[in-house]
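The same chain A turns up in both complexes below, where it pairs with chain B and then with chain C.
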Partner chain A sequence: MELRSYILRRVLLLIPVLLGVTLFIFGITMFFSPMERATLYVTNIRQLNNLPAIIERYGLDRPFVVQYGTWLGQVLSGNLGWSEVASMPVARAIPHLIPATMELAIFAVPIIILVGIFFGTKSAAHKDKPLDHSTRVVAILGWSLPSFWLGLILLMIFYGYFTGFLPPGRLSIPMDILVDSAGFTRYTHINTLDAILNLNGPVLLDALRHLVLPVTTISVINMAFIMRLMRSSMLESLGKGYILTARAKGLAESVVVNKHARRNALIPVITVSGYLFAGLASGAVITETIFSFKGIGWWAWQAAFRLDIASVLGFALFSAVLFVIINLIVDILYTRIDPRVRLGQGVQ
Partner chain B sequence: MSKRLSKMGWLVLVALLSLALVILPACAAPAEEEEEEEQAGIPYKNDGIFVQETIGEIDTLDPAWCYDTASGEALYYMYEGLLGYDGTATNKFVGLCADTWTIAPDSLSITFHIRPNVKFSNGDVMTPEDVEYSLERNLVTDPYSNYGPMWILLYAILNVYTTDPSEGITGEAIDNAIEIVNGDSVRINLVRPYPMDTLQQMLCGSWADIVSKKFCIENGDWPGTWDNWRDWNDPEKEELKLHQIAMGTGPWALEVWEQPGQIKFVKNQYYWKGANTVPFDRIIIKYVDEWASRKLSLQAGDADLVYCPRTNIHDLDDVVGVQAIKDLPELTIDAFYFNFAIAEGCPYIGSGKLDGNGIPLDFFTDADVRKGFNYAFDWAKYIEQAMQGEATQRGSPIVYGLPYFNPDARMYSYDTAKAKEHLQAAWGGQVWEKGFAFTLIYNAGNIVRKTACEILAENLARINNKFKVSVLPVVWAGTLATIRSKSWAMFQIGWLADYADPDNFAVPYMHSTGTFSGPASYNNPEVDALIVEGSLETDPAKRQEIYYKIQDFWYTDAPGIMIAQPLGRRFFTQYIHGFYFNPTTCGQPGPLYYMTKSAS
Partner chain C sequence: MKDWKFMARQLVKNPISLMGAALIVIFIIIAIFAPLIAPTPADHLNPYMMPRDSYYATPAPPSDEHIFGTTQGQYDIFYGVIWGTRSAFRVALVVMGITVIIGIILGSLAGYFGGLLDEVIMRITDIFLAFPWLILAMALTAVMGQGLKSLMIALIVVWWPSYARLIRGDILQLREEDYVEASRGLGASSARVILRHVLPNAIYPTLIMASLDIGAVVLSAAALSFLGLGAPEGYADWGQMTQFARNWIVGPPGEPLKYWYAVFIPGVFILLFVLGWNLLGDAFRDIFDPRLARR
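Moving on, here comes the complex of A and B:
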C-alpha cells in the first residue's frame, strides 16, 4: 500500500475514533446528575440557589442525545466550548497549555528511550551477571516508585535542603519577567526553544534548571519500563535461530547483539515508546502538579475533577488525535526497522 | 565491531548529553541569585517585587462578574471604587475616586464629588462620565443567571435582587439611579431609604469599581445606550469584554494573566497618589496547588507570602525568617445546618423512619432534637483539634467584627446532661427509646469539617449507643448538588462576608430564602420580617435592637449548630513590613499599597 493512501486511511479512521471516544466520555458524564454537573459553574457558595437556573441555561437536563448533538454541532462549527478550568475557550486552552507539557516530553522522552534501550540491551547481553542484576534492581525500584513521592522527595532535597537549588515552576522571577518583555519573542512558548531562538543564554540556563527535577521524576519511572521491555525483547531475539547462525559464522558478539538481535528487539520498544511520547505529551498529571508545570495534564485532571465536560471532551479529542498520529509514525518507523513489514499488510 | 559499538555509543552519548544539558546548568550559580543578600534563614530575593503563592485560580477580571476571592484580589490591585475602607475599620471610609461625598438627610441619595486628576493606567483622565458609566455598566451587565455580585448594589439602590426581566427593572430606572450633577459629581439615587453605612461598605466592593468608559467601548462593551441595554445584560462568561483585560485607576495595572498559573501586575505610572508612592514595581501571584512546593518557595525566598492550609499551620513554626501573623478575626463562620424537610429518597437517612435504623424526613422539626445536638457538640475539642486552637465559638451568624455583634449573646455549650435531657424529650421519648441512624456528609478533603462531624458523631454515641451517626466524604460537586436538592440530613458550610454588615450574614443563614436556610427549609416569619426590617432601618440604635433579637433567635430556634469564627494567619517572609488586617480586604496579602519589602 502506498504511504499516501495509508495515511489517508488512518486519517479517515480518526473520525469514528473521535466520535466513539467523545460519545463514551459524554455518556460517562451523564451518570452525574444535572445538579452535580451544574456545580462546575459555581465559584461562590452564594450561587447555590442558582443551580436550577444554571441547569436551564446550559441545558444540562436535556436528553443525552440532544446534549451530545449540541456539542457536536458546536465542534463542527469550530467551537469546542468554554473551559471553566482554564477560563478560556477550549480551542485556545489546548495550544496554550501544550508548550509546558511538550517541554517536559521533549526532554524526558529521548532520555527515557535511549538510556532504557542501552541498559536493556546490556542487561540482556549480560544475562544473570552482576550488570544484569543491578540493572533489574534499578528498573524494579524505578518502576515501583510513586511519582508523587519521588517528586516531593526530589523537591525537598534539591529545593528545600539545598535552598533554592533546583526550583519548581518553569522560570525564576527575573527570567519570567524578561521573557514577557519587548526584547524577547515567545515563538513557541517552549522556554528552552524560545531562549535558543532568541539567543538568550540566561533564560536557557534558567529554563533547564527548572526542568531538572520534573524530567528526572518522569524519566526514572518510565525508563525502568523501557529497560525491562528491551531486556525481555532482546532475550527473545538472542534465542532465535538466526542469532545462532550469526554466531556460528564467527561474527563478533557485539555485532550479533547490536546489529542482529537489537534491531529486531526494537520493534516492541518502538511501539511502547510511541505511546509513551503520546502519553507524556498529553500530560504528566502528578509531575505537572507537584512542580507547578501547569500543562495539559494538570488541565485534564482539574477538568475531570470539576466535571468540566467541555474541557474533558476537548482533551479527549486532542489525545485521540495525538495517539493516532503517533501510531501512524510508529507504523512508518516499523518499515524502516524491519524490511519485512509493509504498511497495512503486517510482516511479509 | 568497533564501528557498530560506536553507533550505539553515539545514541547513549546523545541521551547522556541531553541529561547533562538539563543537569549541568543546575550546577552553575544562577545569575539572579548572585546578588542575593543572605539573611538569617531566608534569602532576600526579587527586590521591588511582591510574590505570592496561593491556591485557586482567578475566575474573571470583570468587576460585574467577579464574585470569588482570587478574582477579587486581582481587581483590588488594578481598580478603585469611589470609596475604600479606612485602615482596619469596616465602618470608616476614605475617598478614592471621590474626594468628598454627601449623604442626603433622608437617606435617599449620596453624592460624590469626583476627584480631579485621577488617571487610568493608560494615562487617560478619569471623569464623572467614567464613574457614571462604570456603575451603570456593572448594573447592566448583572450576570444574574450565574448569580453574580450585582444583587448587592441592585438591592441597595433599586430594591430588586436581579435585572431579570421578571423583576420589572428598566434601563430608565438604572439610568435615573446614577446621574452626573454639576458636571463634577455623581449622585446615586435610591428608590427608598437605605442604611448609608451599609451602602458605603457596598461601594467599597469590586462590583463598584471604576472602569474606563472609552476602553470598555473600544473593546466592544456596552456603549452606554439604553435602547438595547438588554443585549449586554446577563452575558455568558465568554461574552464578557473585560474578562481578560482591565483598565482601572488602582496602584497597579495588569501586565499579563497567564491562565492558568500566574498573574502579573506592574506599577501604574499614572497613579494619582504618585507612582513613587507605589511600593512594589510588580506583584506576581502564582497559583501553586501543592503545599510542600509553596512552603519550600517561602523558605527559599522565592515567595514573600504563601497560603497555608489550616491543617498545616504548624509546619512553619520553626522556620527562621518566616513572619507568622496570627489571630486575625476573619469575617467568616462555619455552621452545621439541620434539614427541616428532607427530600424523599434521600440516601443518607437509613430506613427513613424513627425505628433506630434511620430518621424520618421531618426529624429536625423537633426543637429538642436540635437543642440536644447543640449541647452534644464539643467546641473546645473542635477548636483544639480541627482549628489548631485558632478560632472562637460564636452563638449566631452575626460574628465579631460586624456592626451590632452582641458579645453577650446566648450560646450553647458542651453539656451532655442537657443534651440527654433534650434528646430524652424529643419526639415524645421515641428518639431516646428507639435511637436513630443517619449519615453526616462533608466535602471530601476538608479535614476541619471531617473532624467536626466526628466529634458530633462520637458525642452522640456516648450519650446513647442507639444514636448512630456515620460520617461520609462527598466530592464538592456532590456536596453542593446534595444541599440544593435537600437530600441530606445535616450539612456543614461556611460563609465569607461580601461586606461588613450583619444583613450579609443574617440572610444566608436565617432568612427563609437564604442560601443555607432556604435549602434547609428553616422558616420563621418573625425572623424574616426582622431581617428585612434590619436591612432597611437607617437608625443605628434601632438596627442594633433588631440584630440583637435576630441573634437571640438563633439560640431559641437552633436551626443549626453555629461552630466557630476562625482566626486567620498570614505567612510572610521577614522582609515584608506594614501589614494590617482589614477583614473585608480580598485576598491574603491585605493592603499591599501600604506595605513594603526590604532586606532590613
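Moving on, here comes the complex of A and C:
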C-alpha cells in the first residue's frame, strides 16, 4: 500500500473515534438538567435571569439526538461555552494558556528521552552488573514517586530552605510586568523563546529559574519509563542473530552496542516518546498545579476544583483530539523510521 | 497454578523483588491490624475519618501524644497513615476487581466471537483510550461530585479499556488452540468453551498483571485526592494528607523546614506502597516478557 492511501485510511478511521469522543463528552453533560446546562453558556450573573431564553436558543430541552447535533454544531463553530475560571470563552482560554504548557514540554521531553536512552542502553549492555542494578532501582524509585509529593519536597528545599532560590510560578512580578510592557514583543508567549528573540537576558534567566523545578519533576517521573523501555528493547535487540554476526566479525563491543543494537532498539522508544509529548502537551496537570505554572493543566485543575464544567469538558475534548492527532502523526512517522513496517502488512 | 509456582521461585532468587514482596507484606499487616496499631478513640463513630484535636490550622510537631505530629486541621498524622493503608487497599481492590470483571466479560466476548461485536467493543475502547487518563478522571469526578465513590468509578472508567484489550488479545490466541477446536468439535456450547477452556487459560496472566497494577491504581487515586477530587475532607487518605500539607511547605522565617513532618510522612507511605508493587512488577515483567529469551 502506498503511504498516501495509508494516511488517508488512518484519517478516515479517526472520524468514528472523534465522533465517539464528542458523543461521550456530550453524554456527560446529560448528567445535568437543562437549567444547569444552560449555565454553561452564562457569561455574567445577570444572564441567570434569562436561563429559559438560553435553553430555548441552544435547544437544551429537545431530544438527545437533536441536542447532540446542535451542540456538535456549536463545538465545530468554536463555541465550547464560557470558562468561569479564565473569564473568557473556553475556545479562547485554550490558545491563551497552551504556550506555558508547551514550554514545559519543550524542555522536559528532550531531557527525558536523552537521559532515558543513555541509561537504558548502559543498563542493557551491563545486564545484571552493579550498574544495571543501580539504574534499575533508580528507575523504579522514580516511577513510584508521587509527582505531587516530589514537587512539594523540591519546593520545600529550593524555595523554602534556600529562600526563594527556585520559586513557583512562571515569572517573578517585575519580569511579568516587563514582558507585558511596550518594550517587549511577545512573539510566542513562550517566555524563554520570547526573551531570546528580544535579546533580554534578565527575563531569560528569570524564566529558566522558574522552569527548573517543574521540568525536574516531570523528567524524574517519566524518565524511568523510557529507561526501562530502552533497556528491554536493547536486550531484545542484543539477542538477535545480527549481533552475533557483528561480534563474530570481531567488531568492538562499543560499536556493536551503539551502532548495531541501539539503532534497532530505538524504534519503540521513539513511538513512546511521541505519546509522551502528546500527554505532556495536553497538560501536565499535577506539575502545573503544584508549581502554579499557569498552563492548560493548571487551568483544568482550577476548573475541575471549582466545578467550572464548561472548561473541564472543553479541555477534555481538546486534549483527546490533540492526543489522537499526535498519535496519528507518530504512527505515520513510524512507517518512515522502521523499514520493516510494510504498510498494510504489519511487521514481517 | 504452574504460573504461581514459577513466580514464587523467581521471586526468591531476586533480592529486589524480594524487597518489594516484603514491603507489601508489611503493608498488608498494617492494614489488617490498623485498629490495634492506631486505636480509634471510643467516642469516634467512623474509624476511617481521622480524629482531630481541634480546628486549629497550624500543624503541630511530633509529640508523645501524636508521634508523627498533626497536620493542618489537627488531624493525627500517625492515625491517618495507618488507616490510610486500609483506604489504599480498599480503593485498589474495588477498582481492580471491577476493572478485571468488565475486562473479562467484554474482552472475551470481543475475542471469542469476533466480527461486528469485536469491532464495536474495540472502537469503544479506542474512544476511552483517546483521553489522557488524568483528564478523563478529572472530568468524571468533577461532574459526579467529590467522594470516594466518584473516584473509584472514574478510575474504573479509565482502566477497563486496557484490560478488555489485553484479555481480547489472549483469547484471540487461545481460540486457535487445538483443544478449543476439539471441544467445539465435540459440540460444546460457546459458553462452555469460553468458561471451561478459554478463560481459565487467559485468566492467570490477567490476574498477575492486575495485582501488579495495584500500585499504579493507588498512585492515581492519591493524585486525584491530592487535587481535591477524591476522598472527602478528613478521610484517612494519603493523597489528601499530602494536600493538607501543601500550605505548609515553607515554615516561618528562620525555620523554613518547620512543618517537614506534615509534608514528608504521608508521601513516604505512598512512595513505599507503590514502590513495593513496582519492585515486584518489574521483576515479573522481565520474567514474563516473551520477547526476552530466558538465558
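Remarks
As a working rule, the second predicted complex is superposed on the first by the 263 of 348 C-alpha atoms of A that agree within 3 Å, B and C clash if a C-alpha of one lies under 4 Å from a C-alpha of the other, contacts with A are read in each partner's own complex, and residues count from 1 in each chain.
Please note the rule applied: a contact is a pair of C-beta atoms (placed from the backbone, for glycine too) under 8 Å apart; a residue touches a chain by one contact, two chains touch by 3 or more.
It should be emphasised that the depicted structure is a prediction, and the values quoted were computed from it without experimental measurement.
Look at A:L307: by the touch rule set out above, it reaches both chain B and chain C. In the superposition on chain A, contact of A:G160 is made with both chain B and chain C. Shared-chain residue A:W149: touches chain C; no touch with chain B. Legend: residue contacts after superposition of the two complexes on their common chain; A:R228 is shown touching chain C, with no touch to chain B.
Once the two complexes are overlaid on the shared chain, A:I111 sits against chain B while remaining clear of chain C.
Shared-chain residue A:E236: touches chain C; no touch with chain B. By the touch criterion defined above, A:F315 reaches chain C but does not reach chain B. Once the two complexes are laid over each other on the shared chain, residue contacts for A:T289 go to chain B and to chain C alike. The wider contact with chain A, measured as residues touched, comes from B rather than the other of chain B and chain C. Contacts of A:G279 after superposition: chain C is touched, whereas chain B is not reached.
Overlaid on A, the two complexes show chain B and chain C touching the same residues of chain A, namely 32, 152, 155-156, 159-160, 163, 289-290, 305, 307. Partner chain B is touched in their complex by these residues of chain A: 32-33, 35-54, 57, 82, 84-89, 96-97, 107, 110-111, 113-115, 117-118, 121, 152, 155-156, 158-160, 163-169, 172-177, 180, 202, 204-206, 208-209, 211-212, 215-216, 252, 254-255, 258-259, 262, 289-292, 294, 298-299, 305-307.
Interface residues of chain B, counted against chain A in their complex, comprise 1, 4-5, 7-8, 11-12, 14-16, 18-19, 21-26, 28, 30-33, 43, 45-46, 49, 51, 57-60, 67-68, 144-147, 236-238, 243-244, 255-256, 259-261, 264, 282, 284, 286-290, 292-293, 296-297, 299-302, 475-478, 480-481, 483-485, 493-495, 498, 508, 513, 515-516, 518-519. For chain C in complex with chain A, the residues that touch the partner chain are 16, 123-124, 126-128, 130-132, 134-136, 138-144, 215, 219, 222-223, 226-229, 239, 242, 245-246, 249-251, 256-257, 260, 263-264, 266-267, 270-271, 274-275, 278-279, 282, 285-286, 289, 291-293, 295. Taken together, the chain A residues at the contact with chain C in this complex read 16-18, 20-21, 24-25, 28, 31-32, 133, 136-137, 140-141, 143-149, 152-153, 155-156, 159-161, 163, 228, 232, 235-236, 239, 278-279, 282-283, 285-286, 289-290, 300-301, 303-305, 307, 309, 312-313, 315-316, 319-320, 323-324.
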